[in-house]
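Just below is one structure, and these are the notes that go with it.
A, B, C and D are the chain letters, set down in written order, and residue numbers restart from 1 in every chain.
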């Protein structure tokens, strides 16, 4: 079940870098939702390579087609197939590397796991696999926005040693994020990041970074203790994105250094409802949303494929010097922004749907309603 | 399905702090495994409160009973119920707090989610819920050890601002870890940690910390791309532990600051097989184990329940000052060590079992075998 | 995941015939439901052996205990463990049969599957395994009755060559069914069945039978195409009951002999809503309930364990004559009635909960509501 | 999760009668399997309408394309998308029936469930939905044949009142079945069936029938007690096929009339292994295969869409007379044969894969091996 995610809003993705196409089947989408390719394409455009001089030069049109599940621009409640044709099918661009597993890439482990692997482009481990995630996430996001007014905004908060500052998670917008090639809404840091990535691209090297994300207007009650806690499913979702190495929610690793008397978020009455004065919890307590903004951060390693020569061994164990050919991204975090948002949308929608019956089928009290 | 975890080795836990008992049903355990309570009890003893002056003074015997699934000390392949009776059933010790949700505790969110909650002790959100996890994890661990020689060792690497140093993940042992009340195998840091926690207990405050974990001898090929990547399931598992705020694998957040030419792990031949010269990948590439040690870190926040007075509001929105009565842990990380190990064992065993058929049913090559 | 069933209202059963206990964990039960042992025990009493002279003489008290998941007689929304202690633990009553697999029993296949098996009483394949199902079903049934007014009534419609007649599925009640030892509400057939079973018991033989079931007041819309169609999940549930050999819904196998012009159920307006004039569909069309009564039938084979001598071979392949010792049921269908009802309740509740979000999260129309 | 099936070999289907395409994603297929469209197309050709004068006159080419998951004619172990384009997209052929739910069709229940439905052709409830099932089943079947030598053969055993006879389930072949338009391998019955269906087509009526199926060479040990018993999953799978009303395995409903002393299958030694002298069990005991041929029967109702006028009501409750236009199948069972075989293959492969780790990870005995 490795390529499926979700319980009620369930996605199943498919596709390698150089087969005929990539995409996703969505099962469980509510019926009647207005949905056309125009709702999905913009997020794919934010994800695709070739958007700016900072990313790989490959030009991938990545036009999504809704193959099933809608009629007259509305969902039927049946499975939705979203498909994107691959332009470059079997180009052999990576031919020289067939016998040399790229250091820190999935070439070696796919070969170990399956006894075979796609001969070029990373196959299933390619970033093209995230197209299905982003497409399904765009649908989830639309549902969350229309039914609950939920807003999801991610941005680049670090690239290499450079950190953004001054970003207000309560108000930052997608427009502010997209104003910069690096998707860092702090203009000062953004410019430094741009220069750094540009230099590294020139040098044939790569660099890591951090994506931050906020989800606003999630009602209280979303998240399923024990093992499907909201933060647990977010953590799974984020670590399922290629190249991720860490996840933290609310105070995160820094919170581990604090005392409880400092870290605790006291309850207050705000706008006629109970909220918290601070938000070290990141909007989640005991695995369940508390109505405050949910915020978390995701660490991405530097891309493994670089042009600089590396001393390594081939599959037969012979020492070789590898200098990757082809076109590679020196830094994935700007393109990772819509992927992080998509996974967040998928997690929250699925858990919100699971919460639904708990409200309607409850005995004896006035419950908080998540659905419209 | 919130209280279930795993696909082939699947656990379902139950129990609140003050009901009749807590525990777990394990479904899918291989047959013929020698298994008695003595295989499980030691890990429960490591988890339970009252082990040392540093933890809560509550004395909980927590004796596990194997109710089903074994005969003559061997597993039958049928579901195994592991049960621990609760000694303190409905003590009302927390009575004063019924109308006041503890800041940063799950009182508020459980009430929002379910429209009700256990009147005392945290109910399902209590740390007693982890007994089922630890019991099942002990079984998983035994299987991994006997079939694959896998060793899992976790330890406390930070408490508050204090960091351990000099710990060698390739060789650190459970015996070294348990030599100290704090479960930090660096004696110098351990003593400082002990003093810090002792002071905070006295002061009615609490403190967070970090648990590190290494898993040695995992064969290559374990982990299911895309959404059930090994690091993704570990992240879910760790963030499902109460009070966790972050997870990082391999180079983690620090890796996000590096360049690819520095971060990449070159392949080398070692002991007759292909390994990596460094291990920034943390033993995982593309969601699949590569045969190197898997290492990760988990951040725990300071416990929410403290005796120091806190300004907050009750469920009706009235301002109150809350000073928790009862017995509370000033720092959970020493007791969290066996929980982290248990969750790691559950993740790895379940993914290793999922890999099994991929090897036997493969066409045309010599595959790496995970099972015995 | 073999011992789990359901997606949102999910049960996990455990227990063999001679371990310490049997039962079930229910995950996903709505919160606030009034629930005590008295809601569950009556169905266990209907299931247990020794109820009448027609069943096995074993006396099993089978007292259920709610171990977790409730407080003050109401559900918390957390997992509910329902447990029944085994009185006869390891009696060795079946000792002589250890090396001889009983013909048409699960002894042989369990040994093949697991490489081991319980040494007595059938272990997991024993009818005691159904205690968990019946206990969980009693909870599901209460929820369906209280929230939707759903009634589930099963009865014995055939034993061996004897068929009941004159039973009106729209009005038959549990009281009418339980008036007879055989649970056949046709008094004339019931008496003949009683005599037949009594004779076969005397003769050391056994006999099969058919259980019919009706579910009234299921709202339209329950059932999940494609693979979780209402009839598909009912079929799975019924064939999961020990000793079952067939399932048919509505017109069933007889319907396969008809023409469409005769078989089709025309729509009519009745009581202000659209219903059907006939009900060959058995209340289900395209996998989804249509608001009419759901009715189906389940075939049970004669119990495999009989006292009459049988020519067979032992595990080593040596010819032997087997005459089972111990106490055996000559006919399971009277006791199967509450099991069929329980499985029906579990299927319908789980699918009704899955339907819930589809109603609340729908765009643009007036939908039929399943929940209260 | 309604459109997904399976645990390790997991399929997710998509597509309505008049959207852009229909098909399936297969997740979990073993790697290295030689696989091209030629392995799949023949079963789609057996399923499609227009094969003979007995089925609907619609001509559907139904050419399958492997979009992902293979390279150079072998599977990669990654998700496989099998897609078939719809030729007739939005033809409006069924326009007159938009406001009139067809009696015994899914029009009414889809509208109740989703609050909307496809305007023509049945949408998701159309028989075109089974294309995905058949395509995935062809892959499962090839794996079972190559790895275990398993043969799956289904045939038409009844149409309306006409029953086939003299068919030997141990030896009947696909070639014998396909020799007749009706897929009934008894030539005498086949001719009578052909005439009956032809007459009913002329008359604008339809008729039901029964499909029988045998699965040969399944090793002992396949099937997961309790709820995923082999017969339980087969029952779910068969009742998930459109228009099915019943399932029976082995002796089935007839077995319910017998005594145990007659029904029991004594063990014998045959070909050096333990088998059974008779096979009333249908190759399954206690939910687990015993090594004998598995045989079962599936009842299909007459198709709901007929040209004969029917008195019914429209969605507003107004009495109307409906005479369906368009092209309809008078009898689905000949085309259902490959669908039954496909679902059988999917069930058995998935359960065989689940059994795999139980063998390799077993302690202390010589186990029966299912995999190659």
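Structure notes:
To be clear about the criterion, a residue touches a chain if its C-beta (ideal position, glycine included) is under 8 Å from a C-beta of that chain, and two chains touch if they have at least 3 such contacts.
This is a predicted model, so every value here is computed, not measured.
Among the remaining chains, the Cα-based centre furthest from that of chain D is the centre of B. Chain pairs B-C and C-D differ in how many C-beta pairs they share in contact, with the greater number at C-D. Centroids of chain B and chain C (each the mean of its C-alpha atoms) stand 38 Å apart. Computed from the mean C-alpha positions, the centre of chain A lies at a distance of 44 Å from the centre of chain C. Spacing of chain C relative to chain D, judged by their CA centroids, is 26 angstrom.
Touching two or more other chains at once are residues 1-4, 7-8, 13, 31-32, 74, 77-78, 113-116, 124, 225, 354, 358, 362, 364-365 of chain A. Put simply, chain B touches chain D in their complex at residues 7-8, 30-34, 74, 77-78, 143, 146-147, 225, 353-354, 356-358, 360-365, 371-372. Touching chain D in their complex are the following residues of chain A: 1-4, 7-8, 10, 12-16, 19-23, 25, 27-28, 31-32, 65-72, 74, 76-81, 83, 113-119, 123-124.
Residues 1-5, 7, 13, 101, 103-106, 108-110, 112-116, 124-125, 129, 158, 160-161, 200, 205-210, 220-229, 231-240, 242, 244-253, 255-261, 263-269, 274, 276, 280-282, 284-291, 299-306, 308, 310-313, 315, 317, 354-355, 358, 362, 364-368 of chain A touch chain B in their complex.
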